[in-house]
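Worksheet: the structure to be examined is printed underneath.
Chain nomenclature is as follows: A, B, C, D and E, assigned in order of appearance, with residue numbering initiated at 1 for each chain independently.
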Amino acid sequence: EGEQFVWISHGPDSDSWFNVIKNAIKITSEQMGVTTEYRNPPTGDLADMARLVQQASAAGVDGIIVTIADYNVLEGPIKDAIAKGIPVITVNSGTIEESQKLGAMMHVGQPEYEAGLGAGKRAKEAGVTSFVCVNHYITNPQSVERCRGYADGIGVELGNQMIDSGMDPSEVQNKVKAYLTANPETNGILTLGPNSAEPSIRAVKDMGLDGQIYFGTFDLSAEISAAIKDGTINFAIDQQPFLQGSIPVQVLTNFVRYGVAPTNSILTGPGFVTKDNIELVEKLAGEYR
Amino acid sequence: MSAAILEMKNITKHFGPVIALNGVSFDVRAGECHCLLGDNGAGKSTFIKTMSGVYRPTEGQMLVDGQTVAFASPRDAMAAGIATVYQDLAMIPLMSVSRNFWMGREPEKGIWPFRTMNSKFADDITVAEMRKMGINLRGPDQAVGTLSGGERQTVAIARAVYFGAKVLILDEPTSALGVRQTANVLSTVDRVRKQGIGVVFITHNVRHALAVGDRFTVLNRGQTLGTAERGAVDASALQDLMAGGQELATLESSLGGTV
Amino acid sequence: MSAAILEMKNITKHFGPVIALNGVSFDVRAGECHCLLGDNGAGKSTFIKTMSGVYRPTEGQMLVDGQTVAFASPRDAMAAGIATVYQDLAMIPLMSVSRNFWMGREPEKGIWPFRTMNSKFADDITVAEMRKMGINLRGPDQAVGTLSGGERQTVAIARAVYFGAKVLILDEPTSALGVRQTANVLSTVDRVRKQGIGVVFITHNVRHALAVGDRFTVLNRGQTLGTAERGAVDASALQDLMAGGQELATLESSLGGTV
Amino acid sequence: MSETTTAPRPDERMKQVAPWRRALIRPELGGICGTILVFLLFGAIAGDSGMFAAEGVLNWTVVSAQFMVIAVGACLLMIAGEFDLSVGSMIGFAGVMMAILSVQMGWPMWAAITATFAFCILLGAINGWLVIRTGLPSFIVTLAFLYILRGLTIWGSVYFTRQTIIGGVAERAQGDWLAALFGGKILGGLFTWMGDAGWIATFTKGNRAGQPVIDGVPMLVVWAIGLAIFGHWLLTRTKFGNWVFAAGGDAQAARYVGVPVNRVKILMFMFSAFCACVFASCQVMEFGSAAADRGLLKEFEAIICVVIGGALLTGGYGSVIGAALGAIIFGVVQQGLFFANAESSLFRVFLGMILLIAVIMNTYIRRIITGER
Amino acid sequence: MSETTTAPRPDERMKQVAPWRRALIRPELGGICGTILVFLLFGAIAGDSGMFAAEGVLNWTVVSAQFMVIAVGACLLMIAGEFDLSVGSMIGFAGVMMAILSVQMGWPMWAAITATFAFCILLGAINGWLVIRTGLPSFIVTLAFLYILRGLTIWGSVYFTRQTIIGGVAERAQGDWLAALFGGKILGGLFTWMGDAGWIATFTKGNRAGQPVIDGVPMLVVWAIGLAIFGHWLLTRTKFGNWVFAAGGDAQAARYVGVPVNRVKILMFMFSAFCACVFASCQVMEFGSAAADRGLLKEFEAIICVVIGGALLTGGYGSVIGAALGAIIFGVVQQGLFFANAESSLFRVFLGMILLIAVIMNTYIRRIITGER
C-alpha cells in the first residue's frame, strides 16, 4: 500500500495532450491506492528529462514509467534505474525493441513513425497525392517522425510539405490557409494534435474545403470529434492515452505487491477514430480520450 | 526690503549614513539675488533640491509667503512658484526644444477627452522666448541634443523665467560657460531680479556672485557660516570664508592671488 | 625655451556636416603651461581629443619630438607620452579608486599565462599618490562613485602625473571645483610644469589661465585667433579675444566689470 | 548663443544638408522603407500565389493585426523607457482566466471579460509598481512575471478543468454583447455585395461555392487599427504623450520639471497589459477556446515589431506608426514565405535577418537626426 | 579634499557603520545567503527523500553544473556590459553541427568537435563585432541570432537527416580522446572504493548489484568548476579582468584611458559562445544524440543565474562566484521541488519568485556599497 511511482513524460508544461494521461494517472492511482507523480521537463528539453529519470531513481521510488522520447538520451539513466532494481515501464513514443533493449518490463504505447506510416497508407488509399503536414512543435523530434511516417506511407519524400506553424492559433490558421492558397493541388492534411488541428479545421472550413480535402489528425479533443462528426476530419489517430496512463500504474502496482506482470508489450495505438466510431469517444474527448 | 517669499529654517538632510545638511537657515526676498556659495560637497545642491521639492528635509521647516509648506514633488514646488535650473540641466536630448521648454506644463486645447497639446502656440512662445534671451533657433523642433551647453543652459533659464516663478533657483549656471555666455546669464539674472522675482544663485565663483548678488550666504560642510549684505563684504573675504580661510594664503603667494 | 614636444599643424576635424576645427596649429614645449582658451563650442575639447588619439584629424599633421605620428587610439597617444584628463572624467563609479587609477596599465606579476595584477603594489602606490595630492582615502578599495567631484578630479590628475607623461592635457579641470580645490589643482599644474612636463591647460576662466599659463592660445569657432606670451597680454585683452570683443562692453558697464 | 542679431544666418560651420533629406528624417522612415521593400519583394516572388487577392490580403492582415495589437502597447511602454517580457504569459493567463470564469464558474461572458481585463491591468500595474519601487530594470521584473504568470496559467487551468485547453467558450459567448466586440466580424454585407458585383472573388468549388471569399473584417483588425490610431494620437498630440517621451528620454530630468514619471510608467505598463488582454480576448472569442500555451514568445515578437519600426530600445524615441508598420512587415514576411512556398524552417532565419537589417537602417537614420556619430 | 593633514580622521559628517556590516558587503553576498537558505529549506522539506544521499547529490550537482557552465560565460559578458540571448540557440546549433559532421559526414569525433568550437566561437565574434560596429544594444543583435541560429539548426538537421534528432553520436565518440574530455567520468576508482567501504550506497539488486550507485563524476561537473575558477581568477586577479569591469562600467571612460574595450567585449562574446559549446558537447557526448530543440530558453536561465548571483544587468558589477552560486540555487530549487514532490507546474511560479526576491535583496546590498539611495 502507498507505493510511490513516477510517470515521466517529454511534454513541455504547456502541452495539452498529456492531460488525459494525468487524469488517467490520478484515477488509477486512487483505485490502486498508490501515489504516482507526473513529471515533465518544463520546456520539453529531453536532456532535462534524463535528469528527471536520474532524480526519480535517486529518490528511490518503487517504479518508473517513462516515455522513450529519445532512446540515446534516456538509455543511460533508465539502465541505471533498472540496475538499481527499480522496475521500469516505457510508454507512449518509442518502439518495443527499444524498450526491450533498455531492459524495461514492457512498453505501453504507440510508435510514432509507424503511426504516421499507418495514417499515410490510409491517406494513399483515399487518393492523397499531395499533402501538408502542420507541425506545431517542430523543435520536438517526435513530431517530425510522424510527418516522416506519413510521407513514407503516401510514398513521397518529406520536403517543405511539413510547415513550421508555431503554436499561436491565428498564425496556424493563416499559415495553413496561405499554404493551401499557394498550393491548390493539395488534397491531404495531417495535423499533429489539437494545437494544430483546431485552427486547421477553421482554415479548411473558411476556404470551403471541408470534406473536399482528406484530413487526418493525431489525438482527440472536443473540437476534433465535432469535426469528425461533421465530416471535416476523416480520421483521428487515437493512441488511447488513458491506457498509457493507466496500464503501467496497474501493472507496476501488481508487480510490486504480488510479483505478477504481463509478459508482452501493449500497443495502445494507432487506433483510427472515424465517423463510424466517433459516438463512443465524443463525450470524453480531451479529458479521458 | 520686503518680507521673505521663501524661508528655510534649520534644514537637516541625511542620506543614510551621510549627513549632507546640518541645520541650514536661509531666506529669499522678492527682487533680490541671494547668492549661495560654498566649496565642493558643501551641500549647496542638496539644499536647493530640498527647496525645490526633489528631496524632503529630514528635519526643519519651509515657509512660502509665511505659510508652512511641505513639497511632495517638484510639481508641488513649481505650483508654489519655485522654479529651478538644475546643475544637471533636466533636458531631454532626443526631444525638441519646444517640447523640452514646455515639459511638465504643456499648453492644451480642445475639450476632454480630446484635449491635445497646442503645438503651434508652444512653438511660437518658445521661439519668441529664446530670441529674447539672444538665441535664434533653427526651428522649435530642433533636438536639444544638437544645442551647445550654453544654449541648453539658456533654454532652462528661459523656461523658468517664462513660467513666472516667484523664486528662481540657479544651480551653478555659469560653471561650464564661456565668457560671453556667462555675461549673458548674469545679465539675465539682473533682468529677472528687476521684475521682482527672488533669485537664488549658486556658484563657486566669487566674482560672479559679487557681480549680481544682494546677499551672500556661505555653506561649509553642511552648515551656514552666516549671511552678508552686499557692500559689507569683498571678494577676498568671501573667498576666505568659502575655503575655511586656511592654507589658501600660501597658494596665493605662489600663484599671484589670481584664483 | 626648448623645442616643442608636441606640435599640431593645421588640424581640421569634421563631424558629418559639422566643421568643428578648421585649421588649428598649436605646440607645447617641455616645462611650459600652454593655455587653450575659448568660448563654448569653440572646439577646445575636440582639439585635445585629437591630440590624445580619441579622434583622428580629418586633415593636418601631428608631430611628437619632431616625428610625424598618427594615433589610432588613446593607447597610442599614451604610449607616446601624452596623458589626458578629460572634461568628462573617464572614471568608473562602481570600481575602486585603485582599479580606476591603474585602469589600462595595470601592474602585473608572475609569468604568462599566470600573470596576475599586482594589487598590493597598485594599492600602495595609489594611496601614496593620492596623499601627495592631499587626499586621504578611506582605503584604496573605496568606490570612486563615493568620492566628491573634486576628489575624482584629483584621482584623474594624479593618475596622469604618475604615469610620467611628457605632455599633460587638462580639459577644464577647474570648472566644477570650489576655491580650495581650484587652488590645489593650479598648484599641481605648477608643480608638474616644474618637473619639465609640458602642460596643456584648457579653461574658460581667464584668471585661472593667467595664474599658471606661460603662453595663451585662443580658439574661436574652430580657428585660432593667435598665441600670446605671458606678460604680453592682460586679463581684459584675453577676455575680449575670447568673446570676439563685441557686446561685452555693454554688459560690463551694467555689472561692474567683474565677470 | 552664437548670434544676437534677430535674423537667422546660416552657420558657416555647418555643411549644407539637402532639405528633402531633412524632411525624410523621422523615426518611422525605416518602417516605411521596410514596408515598401517587403511588398515589392513578395509582389515579385509570390505575386501569382493569391497573396494579393482579397483572401490573401485578409490572411496577412489578420496576422499583422495580431502583432499590431501587442506592438502598440509595447511601443508606448518602450518609449516610456521600459519593456515588458510578460506580455506573452499575460496573453495565456488572460485567455485561461476568461475561460475558467465563464465556462467553469458559469459567469456571463461580459462579466468574465470585464473581470479579466480588470485583473490583468492590475497585474500590469503591479509590474510597473515593482519596477518603480525597487528601481530594478524592467527586464528582470517582467522576466519574473513571465515565469510566474505562465506557471499560474498552467496550474490554474489544470486545477480547475484538468485540461490545458479549455473549450466551450464559443457557446457561452453566443449573443453576448461584449464578446461580439472581440470575436465578431463587421462589414459582412459589404463583402457579400462586392462578391455579387464581382469585385472580389467568390468560392468556385467546395461547399461554399458562390459566397464571397471574405465574409467580413474580424474585430481584431478593427482593434489593431483603433489602437494604433489612439496610440499615435496619444503620443504625438497630447500632453501625456510628451510625458511618455520625457519619462523614457531621461526620467530624472523629467521628474525635476514636474512630470509625474512614475504615474506615466505605471500607466504604460497597464496599457501594455490591456493590449495583451485585447489580444487574448480576440483570440479566445474567435477560436472559442483558451489554452495555457497561448502567447509563447509573443513578447519578443512585440519588441521586434517595435524595434523594426524605429523605436529605441533604451526609450525616449520611437513612433506608434512605426511599430504598426513593423507589425505589418512581420506579418507579411511570415505569411509571404508560406505563399512563396519557401522552406518554412527557414522562417526564423529570415526573421532574424530582417530584424538586423531593419535596426541597422534605423540606427543610421537616427544618427542623421541627432547628429551623433 | 577635506583634509590635508596626513593622519586620516573620521569624517564628522559620516554616521558610524558597523565593521561587520561593511565586511559583508560584496556582490556575491546575496548568492551566499540564497544558497544557505535554499539548502536549509530543502533540507527541511525533502531531507528524507534521498536528495542528500550520494545519488541525489549527484543529480542536482549535474543540473547545477549545467547551469553553471553557461552562467559563467553569461556573467563575464554581463559584467562587460553586454548580454547574449543567443546562448540557447547556440547550444542547439553546436550539438546538431557536431552530430551532422561526425555521424552524417563521417568526420572523426575530435575533428567534428574542434570544427564546431571554432565555428561557434566565430559566431560569437560576429555577434560581438556587430554589437560594437553598429552600436546597437546587444539585446537586439543577439535576439536576431536567437532566431537565425535556431532556424538554421532546424533546417540543417531536417535537410541532412530528415529528422530533428540525430542519434548515433555515442558510437562515433567511442574511444575518441576529445569526446572523453566532455562525456567521460572521473574518479570512478574513488567511488568504487567508497562503495566498498560502505560510505556511499551500492546497488542492492539488479545486474549491477554491489557496484556503487555513483560510478564517477561527469566531466560536465569538472568543466563547470574549472570554468568558474578560471572566470573568478580572470575577473578578480588579472589585468584583463579589470578591463572587463571597466568596459562594462563605462565603455567611453575605459576607451579614453586606453582600455581596448572593443577587443574585451568581442572576446567576452566569444567566451560566452565557448561556454555554450562546452554545454552542448557535454550534453551530446553524455547522451549520444543531438536535437534541434536543445537549449530552449537557456539564455534566460543563464541570465537569471547571473542576476541572482548579484551581477548588475547594466554591466560593470558582479562576480563569477555569485553566478556559480546562482546556478547552484537554480539547480537545487529545480530538482528539489521534484524531490519534495511539489506540483511541477508551480515550478515556474517559484522560479519567478526567487528571481524577484534575489534581485531585490541584491539591490539593497549594492546600494549599501555605493552609498546611492
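Everything that follows uses one rule, which is that contacts are C-beta pairs under 8 Å (C-beta built on N, C-alpha and C of every residue); 3 or more make two chains touch, one makes a residue touch a chain.
Per UniProt, the chains are B, C = Sugar ABC transporter ATP-binding protein; D, E = Xylose transport system permease protein XylH.
As the structure is a prediction and not an experimental result, all values here were calculated from the model.
Asker: Count of steps on the shortest touching-chain route from chain A to chain D?
Answerer: 1
Asker: Specify the chain most distant from chain D by Cα centroid.
Answerer: Farthest by centroid: C.
Asker: Could you work out how far chain D has to rotate to sit on chain E, using CA atoms and steps of 5 degrees?
Answerer: 180
Asker: Same residues or different residues: which describes how chain B and chain C meet, taking over half shared numbers as same?
Answerer: Because over half of the interface numbers appear in both copies, chain C and chain B meet with the same residues.
Asker: If you take the mean of the Cα atoms for each chain, which one ends up farthest from chain E?
Answerer: Farthest by centroid: B.
Asker: Just curious, how far off is chain B from chain A if you go by their C-alpha centres, in Å?
Answerer: Chain centres of chain A and chain B, defined by C-alpha means, are spaced 72 Å apart.
Asker: So what's the Cα centroid distance for chain C and chain E, whole Å?
Answerer: Comparing mean C-alpha positions, chain E is 43 Å from chain C.
Asker: Let me have the rounded angstrom distance from the C-alpha centre of chain B over to the C-alpha centre of chain C, please.
Answerer: The separation of the two C-alpha centroids amounts to 29 Å.
Asker: Could you pull out the residues of chain B that touch at least 2 other chains?
Answerer: 40-41, 148, 150, 180-181, 184, 247
Asker: Would you mind listing the residues of chain D that make contact with two or more other chains?
Answerer: 1, 4, 150-151, 154, 158, 343, 345, 347, 371
Asker: Can you list the residues of chain A that touch 2 or more other chains?
Answerer: Within chain A, the residues that touch at least two other chains are 13, 138, 162, 164.
Asker: Flag every residue of chain B that touches chain D in the complex, lowest number first.
Answerer: 52, 54, 73-75, 78, 84, 86, 88-95, 99, 102-106, 108, 115-117, 131, 134-136, 138, 143, 145-146, 148, 150-151, 154, 159, 180-181, 184
Asker: Using the touch definition from the top, list the residues of chain A that touch chain D in their complex.
Answerer: Within the complex, chain A touches chain D at residues 12-16, 19, 22-23, 138, 159-160, 162-165, 167-171, 174-175, 177-179, 181-183, 194-195, 198-199, 202, 207-212, 221-223, 286-287.
Asker: Taking the touch rule as given, give the residues of chain E at its contact with chain A in the complex, in rising order.
Answerer: Contacts found on chain E: 49-51, 53, 55-56, 58-60, 62-63, 66, 150, 154, 158, 162-165, 167-170, 203-209, 211, 213, 283, 286-289, 291-297, 335, 338-339, 341, 344-345, 347-348.
Asker: Under the definition above, what is the set of chain D residues touching chain E in their complex?
Answerer: Chain D residues touching chain E: 130, 134-137, 139-141, 143-148, 150-152, 154-155, 158, 300, 303-304, 307, 313-314, 343, 345-353, 355-356, 359-360, 363.
Asker: Which stretch or stretches of chain E touch chain C in the complex?
Answerer: The contact residues of chain E facing chain C are 1, 3-8, 233, 237-239, 241-243, 245-246, 249-250, 252-260, 312, 316-317, 369-372.
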